[in-house]
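Shared between the two complexes below is subunit A, which pairs with subunit B and subunit C, respectively.
Up next is the complex of A and B:
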């Protein structure tokens, strides 16, 4: 099964004398055949629905959420298990884990239809209720969807941290915020730890389509709990390890030491023909001119039928040279993703400055973001930026802040700021 | 495969290409395929016995044997040698030989650059230089320093950043110190050129510079070199 993943490395291998910081982008693609063997899914699939039914959901939102849940349950294939947790001040397991047979689906749909909104928001308890269900099927492909519309109760801060720690690695979860009363940073933090995506559903009527997309993506996953393994030479240091495409996820802090020189980072489940890019920055001991050293050996590992599989080995090299023409060059792909990370930072800090009332700073940062988005061909982000600023010249990043910005436009820009474009090859 | 591979630094490596301890390249290892997967098929060069390249290359890494035509290889090529500088300055870095000895640590020469704006250098079409700027002094402590203009999108962060002067190229010139302590300047193909003591520098050529030299570039930037040994 070594052909399940393919890797490619982009870097400038030439390092100037005395330096030791190596940057490299690794592109990983899962092959057509990944998961073709059904044995990969011997543990089955378990999909969890975690839905906010606090008082603020009342009205159009709860109606839309109930409809979307009914549709979702209806769509589940019969070999997939599912459960539903509804969230208020405590998480309530509305339907415990069961296989999606027509009978079970009908019972779950009936239960969902009875749901009434009320109470407060305490996300830690919802996650714990979901965790209990996921613990029943440790070998399954474990994925969930969390929907909320409001910010979490202030006193849930510590319990949420503890709950996330328990849930880390136990399941993956995509997070969605409906309306504009939720906090982007809060959901992003949950989704980051649970290796999921974050997005805004501005209007309740868009919920159904979005839920369907999430389920389709979850059902497309064919190999779970894949880790990125990185070997580095003795005495070196990993300065960072980030997923940079399709969106930026900093994995540096998620490192698990598996040997004296080997570390692993979680990447979650993979579907067929999926491509992701990772950016490594490794500091090695500077060598003498002419030395050639392996600065990193990266591969993807996953367990299948209790056998560890390893694929997509990629090598990151360092060759010391005194020829500046070689070492001063920055690889195009590395430069592109350095720019995209900078773009995300500029947007987040720019919106922050705008919220604080520091308009000069906000104009400068968002202007820079427009310039970078334009130059790198990140059209989706540029379009979202145009909802927040009037662009006078995209090339130079000359912008004016808009006086009236819809809250949902600002939140959409914030949540999607980490989405990157891939560099145009060739 | 219990056999260990001997690393040039004396470690026992469990990997055959690069040492599993320190990452040093193992002699006779297959060509460094930085990309893609390992090829399971391994063959040896019929000419010199080195393992055949696994990265799809048709030449033997060691002797240059052509696997496709069977043509005999030549002397191993030095790919890392920089193009020889034309008018060789007194002490340019020697082209690196294959088993390069430990380089002598550079003699402690202190280089200080004073960056000034000199409106008299201005061309008729140049923009007005900023009137309120004061000379900047930059101590060059690295053995190699890039002179240029910062670009965040292109991730260019020069040691000597002349951001105010838009006629300076992002990657304009390089100041480097060779092992014996001499300092050279090389224009790396800048758009508007570099002048040393009022004479144009040929691009991509190392030129020795000394205490008191003046480098002018861009619209109106003048750099005065101060070297103390």
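Up next is the complex of A and C:
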């Protein structure tokens, strides 16, 4: 028996005749003592710092970045290994992997203080340099932080794709963009593949606090490389598998087939008392009225002491009925997250339309976003939306586009559009 | 459990009663090999009986059909019916000295884990009645307290996603001369004697509430979609208040029937119920067989709801058996 993870499924099991699309939300919570105590972590912990030092960083940004790196290194516990990669046209391993002893930290800090900004931005080379370090500790909990302030060079597009493919599964990485000259989609794509978060650091002076938060979160993780395993009946099809809380991450394309009816999706590392929600959409062969079918069995799997552990098993059911009162009911948790995904789409498409100059479309989409954010109690997103539109009526979604919008406000709205609220539950 | 022959209390796992020596359980049958039509053969099943190839449920839960027989005169049957996905009715029957104790609970299907609510309520009510009677309480106090105990047990289930598991309850104690009943909700008790059925309970339903106010006539009220809506139930989301009660002397010969609405929906008037029970009794020797007939009747009529019928039959020669509880 394993009770490191607990799961609960929210769905309306009743399906009308002829239908076969089953939606379910699975809430997974890690227990108090998930995995092992930090010191017992098999293979230890390796934290990588990947920092942009290209020419555009010159001035306040590089000073803040160096400062933040120094603070970060200083904070590292002595049983944690670390490395620093600085990024220009090539990634340079400024400090190779070493344990964070007082001596090692002092040497790393001295090296960081020598860093000068210059050159261009080729993120693929930075990731490859980091990958080399992470490959030295394949059994450690492998996490990184990537900071950049600008767009990747155009000719690095294909190399970046290839590098991401190599890095996928090798380490997790939170991405941060400082200032407003970086591209949200680009960082979001990197973070999505590397199972990390994306956010904007609008002002360099906010960097230090943000870095500390990221490190604290990384150090709180106690079990790594956790996968979501999903069994589905023969002949069925998984239409999508998304993490929907705390933020939306589409895992559909990350599927790994492990058996004829069993697939796995990576979820990265988990800390204790962490809660995440997943939305499954499974298409099964429609049954006859009264038929009851197991549409899915989901569980979390991870390896500890070379033993596969499995927990949080949950069932997704389908029961066909001719009672419309039953089948028409949408589970409120499913409805909530469907709405939150819709909210994220509306914001991203609305900002796109605004950038294209299609103001009618932008007004309609951002208005809809305001309505959904308001109705679902997503106050954080609603507040960010108010920086971009003037809200006349939040309930109906009546808005007017603002004429002068600060670039950082728009980017903050875009990067944080995937953050969801949890539905209130009893 | 209790020995159906001598009513002695024996461990659940025993195959034979140590008091009277009769066999109390059929020999455990070997687990039937599951066959799922998807593969024309034996398939691996998961713990709940789903086929691990096609996902179909191959083994239904045991609660789909429950039968308990404590004596040829005292038994109950509960069935899922045809339309509900699971059986959320539960009943409990037991004995204390010359008292026969009956409880029927109908889990409110719009509430979560209604089956658990009904199971908890019926078991708690039975235990409470036995304890009260053992402490020399009167029968009326015992049935009233049993509803209170059931209410507390259901409340202890707490909320599920903000909603309260809920159930109805009808709780009865009957001896040679007396009968005491307490109820909340629309599960009913009938005394059926001399070809007449007497409904001893009054449903806590919207229909009765409206009729009591005298604002509309019965035919009109019955047409309302709300007619069967419950006005009182056990659950953390409602203060059930004091149960309604019935207490009285009764004729010597007759049948005490407790049932859920899955049965009385197909025999709503006293006359219909009387006819149905008489008809069922004609071809049946025991209370268990009568209960099966009643349940089968509801199923042939459509089985739209879970169906529960619990019967205590008192013949002319009724002599309270002396239970051997040691």
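As a working rule, the second predicted complex is superposed on the first by the 419 of 426 C-alpha atoms of A that agree within 3 Å, B and C clash if a C-alpha of one lies under 4 Å from a C-alpha of the other, contacts with A are read in each partner's own complex, and residues count from 1 in each chain.
One rule holds for everything that comes next: contacts are C-beta pairs under 8 Å (C-beta built on N, C-alpha and C of every residue); 3 or more make two chains touch, one makes a residue touch a chain.
Here the structure is a predicted model, which means the values were calculated and not measured.
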Worksheet item: Between subunit B and subunit C, positioned on subunit A by superposition, is the outcome a clash or a fit?
Response: clash
Fill in: Touched subunit A residues, subunit B compared with subunit C
B
Discussion item. Contact-wise, after the overlay, does A:18 reach subunit B, subunit C, both or neither (first, second, both, neither)?
Written reply: first
Practice prompt. Using the superposition on chain A described above, determine whether A:324 touches subunit B (first), subunit C (second), both, or neither.
Written response: first
Worksheet item: Between subunit B (first) and subunit C (second), which, if any, makes contact with A:84: first, second, both or neither?
Response: neither
Discussion item. Contact-wise, after the overlay, does A:293 reach subunit B, subunit C, both or neither (first, second, both, neither)?
Written reply: both
Practice prompt. Could you tell me if A:371 is touching subunit B, subunit C, both of them or neither one (first, second, both, neither)?
Written response: first
Worksheet item: Regarding the shared-chain residue A:339, is it in contact with subunit B (first), subunit C (second), both, or neither?
Response: first
Discussion item. A:234 in the overlay: touching subunit B, subunit C, both, or neither? Say first, second, both or neither.
Written reply: both
Discussion item. Is A:62 touching anything from subunit B or subunit C once the two structures are fitted on A? First, second, both or neither.
Written reply: neither
Worksheet item: Looking at subunit C, which part out of 2-10, 56-64 or 128-136 clashes with subunit B after superposition?
Response: 56-64
Practice prompt. Mind sorting out which residues of subunit A both subunit B and subunit C touch, each in its own complex?
Written response: 13, 231-236, 261, 284, 290-295, 297, 315, 319, 321, 323
Worksheet item: Any idea which subunit A residues touch subunit C in the complex?
Response: 10, 13-14, 231-236, 261, 284, 287, 290-295, 297, 315, 319, 321, 323, 333, 424-426
Practice prompt. Please name which positions on subunit C make contact with subunit A in the complex.
Written response: 38, 46, 48, 50-57, 82-83, 85, 159-163
Worksheet entry | Residues of subunit B touching subunit A in the complex | 15, 17-25, 32-38, 80, 82, 93, 96-103, 142-144, 146, 152-156, 171, 174, 176, 186, 188, 204
Worksheet entry | In the complex, subunit A residues that touch subunit B | 2-3, 6-9, 11, 13, 16-18, 231-236, 261, 284, 288-295, 297, 311-319, 321-328, 330, 334-335, 338-339, 342, 368, 371-372, 375-376
